[in-house]
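Each of the next two complexes has subunit A plus one other chain: subunit B in the first, subunit C in the second.
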Partner chain A sequence: MARSSGDDAQALFHSLRSAYAATPKNLKIIDLYVAFAVFTALIQVVYMALVGSFPFNSFLSGVLSCIGTAVLAVCLRIQVNKENKEFKDLPPERAFADFVLCNLVLHLVIMNFLG
Partner chain B sequence: MNKLPNSMSGGIGLITLLGIFGKALLQSTKLERGLHSQPSQGGSGFFHLSQSSLSLDAFFGFSPIADLVVAAAVFVAAVAVGMANNRMTGLLMLALAALSICSAASIFRPVSDSHRSAALELFSPADGSFASLEEAYEALRTFEILGVEKKGDVSAATCPSVTSVLGSSSAPKELFYALKVNSILKCNVDDTSFEVVASRLKAVVSDASSLLDFYYSIGGLLLIKDQTSGVEVLLGDAEGTFQSIKALSQSDGRWRYSSSNPESSTYAAGLALEALAGVISLASPEINPSMIRTVKNDIVKLFDSIEKYDDGTFYFDEKVVDAREHRGPLSVTSSVIQGLTAFASVTSESITLPEDRILGLAKFFLGIGIPGDAKDLFNQISSLACLENNRVSIPLILSLPSTVLSLTKKDLLKVKVNTVLGSNSPPLKVKLLRAFSSVSKDAPVIESQELKYDPGSTFHSLVLPETIDVGSYIFVFELALQDSEDVNTYATGGQTQIPIYITGVMKIENAAVAVLDSDLGTVDTQKSLNLDQENDVSLSANHLQKLRLSFRLSTPRGHTYKPHQAFLKLKHETKVEHIFVLKISGKQFELVLDFLGLVEKFFYLSGRYDLQLTVGDAVMENSFLLPIGHVELDLPEAPEKAPHPPLQPADLSSRYGPKAEIAHVFRIPDKRPPKELSLSFLGLSLLPLLGFLVGLCRLGVNLKNFPSSVLPATFAMLFHGGIAAVLLLYVLFWLKVSLSLLASIRLILSFVLALL
Partner chain C sequence: MVGKSEPINGTAKSQPPPSPLSPKSPDLLSGYFSFKSLKLKTKQQELLIRVSILCLVYVLAFVTRLFSVLRYESMIHEFDPYFNYRTTLFLTEKGFYEFWNWFDSESWYPLGRIIGGTLYPGLMVTAALLYWGLRFLRFAVHIREVCVLTAPFFASNTTILAYFFGKEIWDTGAGLVAAALIAICPGYISRSVAGSYDNEGVAIFALLLTFYLFVKAVNTGSLSWGLASAFGYFYMVSAWGGYVFIINLIPLYVLVLLITGRYSMRLYVAYNCMYILGMLLAMQIRFVGFQHVQSGEHMAAMGVFFLMQVFYLLDWLKHLLSDTKLFQAFLRMTVTSAVGVGAVALGVGTASGYISPWTGRFYSLLDPTYAKDHIPIIASVSEHQPTAWSSFMFDFQILLFLFPAGLYFCFKRLSDATIFIVMYGLTSMYFAGVMVRLILVATPAVCLISAIAVSATIKNLTLLLRAKTKAPQSASGKGGSSGKAASKGSLDQSQPFQKNGAIALLFGAFYLLSKYVTHCTWVTSEAYSSPSIVLAARGAHGNRVIFDDYREAYFWLRQNTPPDAKVMSWWDYGYQITAMGNRTVIVDNNTWNNTHIATVGRAMSSYEDEAYEIMRSLDVDYVLVVFGGVTGYSSDDINKFLWMVRIGGGVFPVIKEPDYLVNGEYRVDKGAAPKMLNCLMYKLSYYRFGELTTEYGRPPGYDRARGVEIGNKDIKLEYLEEAFTTSNWIVRIYKVKPPNNRW
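So, the complex of A and B:
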């Protein structure tokens, strides 16, 4: 049955890829942005692991900025997704504006905490 | 160390103190009055030893206080010496203390120039004139008695007030003092004013009921009688006046101030006697002598209430202390003396009082020295003037210019005999009955010597015989009047005891310090000392050896003398000190320090010990405190449980001087990663951004939707520009631009953004 599990994994992977290709472009852009943010956070964590946590506030602000913006992007994705029945009446421009504003507030806090 | 001498000396010192208190109590209950004629002994020997005689003589006027202070000083000193662990000296001092329980002899000096200068100082009026006529009288009378020239023109300042008082109708007291001042200044007062005053005073005499009224009016009339002859002052009803004054007398010799006042006072007795004397001299015809005799009985009864101090002084004091007007013994005694001498001068009969009473009263006034108060000085001087020429008995005072005589300087014993005001005595001989040592009380050293009189210097002098050596002695003098008639007129006071100190330069010989071997006693090193100067002997010893210091001390007459203090002090480099007392053995003073036994006492401190020798005594003129040299002492190591030397007082400059400067150690800065690593990671974190942009391109991001027409383009530009500006703001903030400025700009921008 090893062949079938390996085939099953590959088949699963292929089906996921094709399903993902069907998502609208704007959602893909948002997904890419989230991935970018998370990667940046990971790199910062690796750096901290290497050199120690001094100054800790800087590390926190860097990591939280990335994570925070990733979270906001996820919220945006939820709100913009047309298949989401809950946010049917919300215009995507409004969601985007919320995203931008929240990011600005987040980055104000981050800039203050950066030290 | 020996605790026994400590407690013993302290205990005996306490008993001494109690003994003196007990004696003071005894005296106050007057049980000693009968014992007064006993010769006094001891003379507070120890206290003399520690101070010069001159200061003591001034001190001795207050004998009971002197006794208590002496006892306290002795007690403290006894305890202190007990602490110093010196049994011999402690006992010697306590023996002297025991002697001080006996009454003290003291020396009285007649009035001298110091009284005159004090009078000038105390009686100088503030602005040329005196505050009242009473004070003016006191000042003028004191100057008159002492023979002091009045400063400035007192007459010009005071006479106008005298004439104004005599001219107006003032109280008898004012008139009295005005007349007193006039009798000294002799202002020009005419007879008419005297007549007016005299008639007024006579009227007061006839209606008077209080003693003070009688006193002032009769005194005033007597003064007028002395100052002018043209005025009639004699009393009409002299006997009636006499009776009314006599009616106020009490059975114990004192007087009441008035019939309504039940309290009697000794001061009033003095005033009454003076008033009665005035009545007798103003009486015409003469008063009945039997009435005068009753007053004499009163005087004798009054003298029964006399009080005395130890040193032979007598005085009067009030029994009941009047809260309103406290009169001390000085003014009370002064009043009694004035009354007594005034009364004695007007009667032809003699008043017999024990001779020692008058002499004791004179000594009381002389014993207070120079009073600091004007009134006290006046009381003292006027009473002494009354005693100088009184009809009862004139006291003669025996005084010595110096009670410390030096054998080395071959001083003569000099004695002066004067009346109380310092004038010459009648011809008499001074005999030294005996002189005995105040310490040992053996047979007298000198017996029955007569002093030679030198008319030029008016001193009686005596050369000290060869038998007398240095030390403290009591000399007993007796005066013998040469004219047999003078015996009734003068009071010589029998035997007078005076403490005398004979001092001299002691000879110190055979002084040597040696280090001996302990077992055999053989001398290891010996150095001789010259104790006339500092020596710098250098010795070394270890703990198995002994140190011996010896010398011989002899008086100018060649006898061995045991001084009061003979100490050797060893001082270590660390300032730890040890004091040892030298003991006399045979003819030598010797101290042997056995270091074997003293190792623990020295706290096992080895090193250099400085030696210092102290030899001193009150009668030794060349007492010394000399450094002798040093000894290098080698002591064994201290065991674990050895006592530590006592802490020496800290060096003041180290405690209060500036402290060492503090070097501040800053916090070590945290380790930072190397720069290259940080920069590489900076580059690394930018990689995802690039990845994002690449991904965007691969997705085929549509960037063409930027509006090209004007209005939407403007809005789009503003929108993007606003976001960019906010981000720029954040960057600027991070680059340390002021937050408030940033906040305001950001606020505006966010509003603009929201609108869009």
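So, the complex of A and C:
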């Protein structure tokens, strides 16, 4: 049973890799941005675990800005992805403009919250 | 026939499939309305009708709340609004920065209160903005007028919002009916009359705005609507503590959608945008602080957030992988690990105390018996009692039975939006049953769902009426939902009966609606328009007698006591004393410090000498009690006295409730308990009352509120002296004597 799940995991990994290589370039850029944002959030959490969470609002604003921009980027990816039927008639410029607006609001609030 | 239908740019959103009114017969319409001379097309006629209905409803919603302003004067009602008024006054005088960082030493002496960090600023900021806006336009209004009329203004805005919400859920007809119903519904009017300057007046508008924007975001999947709903949520958080309802209902709704297999990308975009941005914005309010990540009441939203990420990930992987078997294996692994990790995190957080459990106020909603045993202060507020059936009928009338009918229609046409309104309706009705005050939160849902029922029924009935000559194809084509007899195949022969039945039912529907209007207006006029700071009664000859004793007492305090005098009273009157009397109080309606209130309760329930010690320790100069024995006013301190005993006894075990009762009965006459007859509250209420004849044919000292002759008529006060009693004896103020000089 263990071997078959190990084999399963490997087969899974391979098929995922090959399928992912087929995604268009703009989506891969967005994915890279999401990965970067999540990684930054993780670094901040590790730092908080080491140093303590005293100005808690600063910690929260840092982590939430990373998570927030990651989530917004995922939403952008959803809206720009040509394979999604629901967003077929949404022009990608509009999606990007929404993304920029939401990020603007997010970072303004973060600025206020940083203390 | 409407050949070229030019798009009318009055409506911002494009029209849904044309309503049955438009394509049929313009000559019929123009015959009804005789617009031949104006040559208006059908679409324009419809737009004109809609706009004029909405304008009338807007004005109606405002005007129906003005009863007390017309009968008495333009003043703030009740207790809590006085605090809101005082803070708004401070905001307009000193500016936002001072307001946000305000530490008030005039209440909760000697502790003080951090007002900037313990209030919901939405209402004050809204009123201040309106005030500054009007001042900018050179209307020289006083801030009190703005405060008095803020709630009716926002009620009118709520009706417009209800129209748009109804349009989103069902169609424009339902929207119009919803706007009309919510304009006069007593459940909403009770907390938004002119003069009721309280958080709910603005909060219901914010609630409906948030819900509408969120449903719009889910329907369109657009980030900008999600952003707008986040702002709506921010406004709600700034306005009222009831925002907890939103932050739990929306995740519950998302969960229901996920469970019923309605997961979609639009839902992902809408919920995530609203949750992250909304949470961040909400944390800007100091009173809310970090509760969104630390309090148990907000954890559902976070849990659903993580669940959405898991769903999205799985959906994406399913899309990438072509082999379903592999995917199933992966699915099993991921879901079990995700649920496991989530449960462990929640368990660790709750056990270690990092995630605080549900606070008493909200826990008592889930377990209604909790407050009575553990937190007497919450149990003592009359608005927190469970609701009786009569209250439901009083506040909703026909909407009560239109609500299940509307639920039926919603279930017939299930979509993301109707699922939302059904959930909102059911959850809010449950909470309305637990606590009277929450009927207010249920009102928009009940009005919307009832509007669906009314609109759908009337539409079907009128379709039956109109299906005259082209019987087979039109009636069967259009009467899709449950018309009364549309399912019958043989339409021709039952035609006249159907038409007569439809006409009769239509008349019945209009009769019911007109009865609703009558009831609502009567309820508003009789029950919900009293300022409760000014009392009115009928004199012996039928003339109206006004008791303005409260304001008389507060202004006496303002003008006849030293500016740094401290006044002790029961917490109900704290806000009013600070706002109108401008004196420092010991406890007020904020009730944030139970021990302080219990100290006051203990002082009121002790013998005079013990109470004097407590009052000296608190630097009390004046004591204020409310007494209804002369007028028969029943909300006085003697009737509230047992709550003082319970709250005091909750902290100081020396006060025992059975000491004040006789065989479990609460009495003030000769048979009362000796401790009752000699406690401070009794003495202060009935001082010199034994000489007063209150009613013809009764002995002196007859208490009209309790209906008995008092037991202890010969009261001597040793440590206090009477300072002021109002003209109808409703408010009595006593001065605390300084200690005797030593020889």
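One rule holds in what follows: the second predicted complex is superposed on the first by the 107 of 115 C-alpha atoms of A that agree within 3 Å, B and C clash if a C-alpha of one lies under 4 Å from a C-alpha of the other, contacts with A are read in each partner's own complex, and residues count from 1 in each chain.
To be clear about the criterion, a contact is a pair of C-beta atoms (placed from the backbone, for glycine too) under 8 Å apart; a residue touches a chain by one contact, two chains touch by 3 or more.
Since the model is a prediction, treat every value here as computed from it, not as a measurement.
*Asks:* Specify the outcome, clash or fit, for subunit B and subunit C once both structures are aligned onto subunit A.
*Replies:* Fit - subunit B and subunit C, as placed by superposing on subunit A, sit side by side.
*Asks:* Please work out whether A:45 is in contact with subunit B alone, subunit C alone, both, or neither, and reply first, second, both or neither.
*Replies:* neither
*Asks:* Check whether A:101 is in contact with subunit B, with subunit C, with both or with neither, and answer first, second, both or neither.
*Replies:* both
*Asks:* If you stack the two complexes on chain A, which partner ends up touching A:29: first (subunit B), second (subunit C), both, or neither?
*Replies:* A:29 contacts subunit B only, not subunit C.
*Asks:* Using the touch criterion from the header, give the chain among subunit B and subunit C with more contacted residues in subunit A.
*Replies:* When the residues of subunit A touched by each partner are counted, C comes out ahead.
*Asks:* Who does A:84 touch here: subunit B (first), subunit C (second), both, or neither?
*Replies:* In the superposed model, A:84 contacts subunit C only, not subunit B.
*Asks:* Which partner does A:67 reach: the first (subunit B), the second (subunit C), both, or neither?
*Replies:* A:67: touches subunit C, not subunit B.
*Asks:* Considering only the touch criterion stated at the top, classify A:54 as touching first (subunit B), second (subunit C), both, or neither.
*Replies:* first
*Asks:* Using C-alpha centres in the superposed arrangement, which angle lies between subunit B and subunit C as seen from subunit A, in steps of 10 degrees?
*Replies:* 40
*Asks:* I'd like to know which partner A:109 touches here: subunit B for first, subunit C for second, both or neither.
*Replies:* Only subunit C; A:109 stays clear of subunit B.
*Asks:* What is the minimum C-alpha distance, in Å, between subunit B and subunit C after the two complexes are superposed on chain A?
*Replies:* Superposed on chain A, the two chains' closest C-alpha atoms are separated by 12 Å.
*Asks:* Need the overlap of the two footprints on subunit A, from subunit B and from subunit C, as residue ranges.
*Replies:* 101, 112
*Asks:* What part of subunit C is in contact with subunit A in the complex they form?
*Replies:* Interface residues on the subunit C side: 221-224, 226-227, 230, 264-266, 268-269, 272-273, 276-277, 279-281, 283-284, 290, 293, 312, 317, 319-323, 326, 329-330.
*Asks:* So in the complex, which bits of subunit B are touching subunit A?
*Replies:* 670-673, 677-678, 681, 684-685, 687-689, 691-692, 695-696, 699-702, 723, 726-727, 730, 733-734, 739, 746, 750, 753-754
*Asks:* In the complex of these two chains, what residues of subunit A are touching subunit B?
*Replies:* 25, 28-29, 32-33, 35-37, 39-40, 43-44, 47, 50-52, 54, 100-101, 104, 107-108, 111-112, 114
*Asks:* What residues of subunit A sit close enough to touch subunit C in their complex?
*Replies:* For this pair, the touching residues of subunit A are 5, 8, 11-12, 15-16, 19-20, 56-57, 60-61, 64, 67-68, 71-72, 74-76, 78-79, 83-84, 86-87, 90, 95, 98-99, 101-102, 105-106, 109-110, 112-113.
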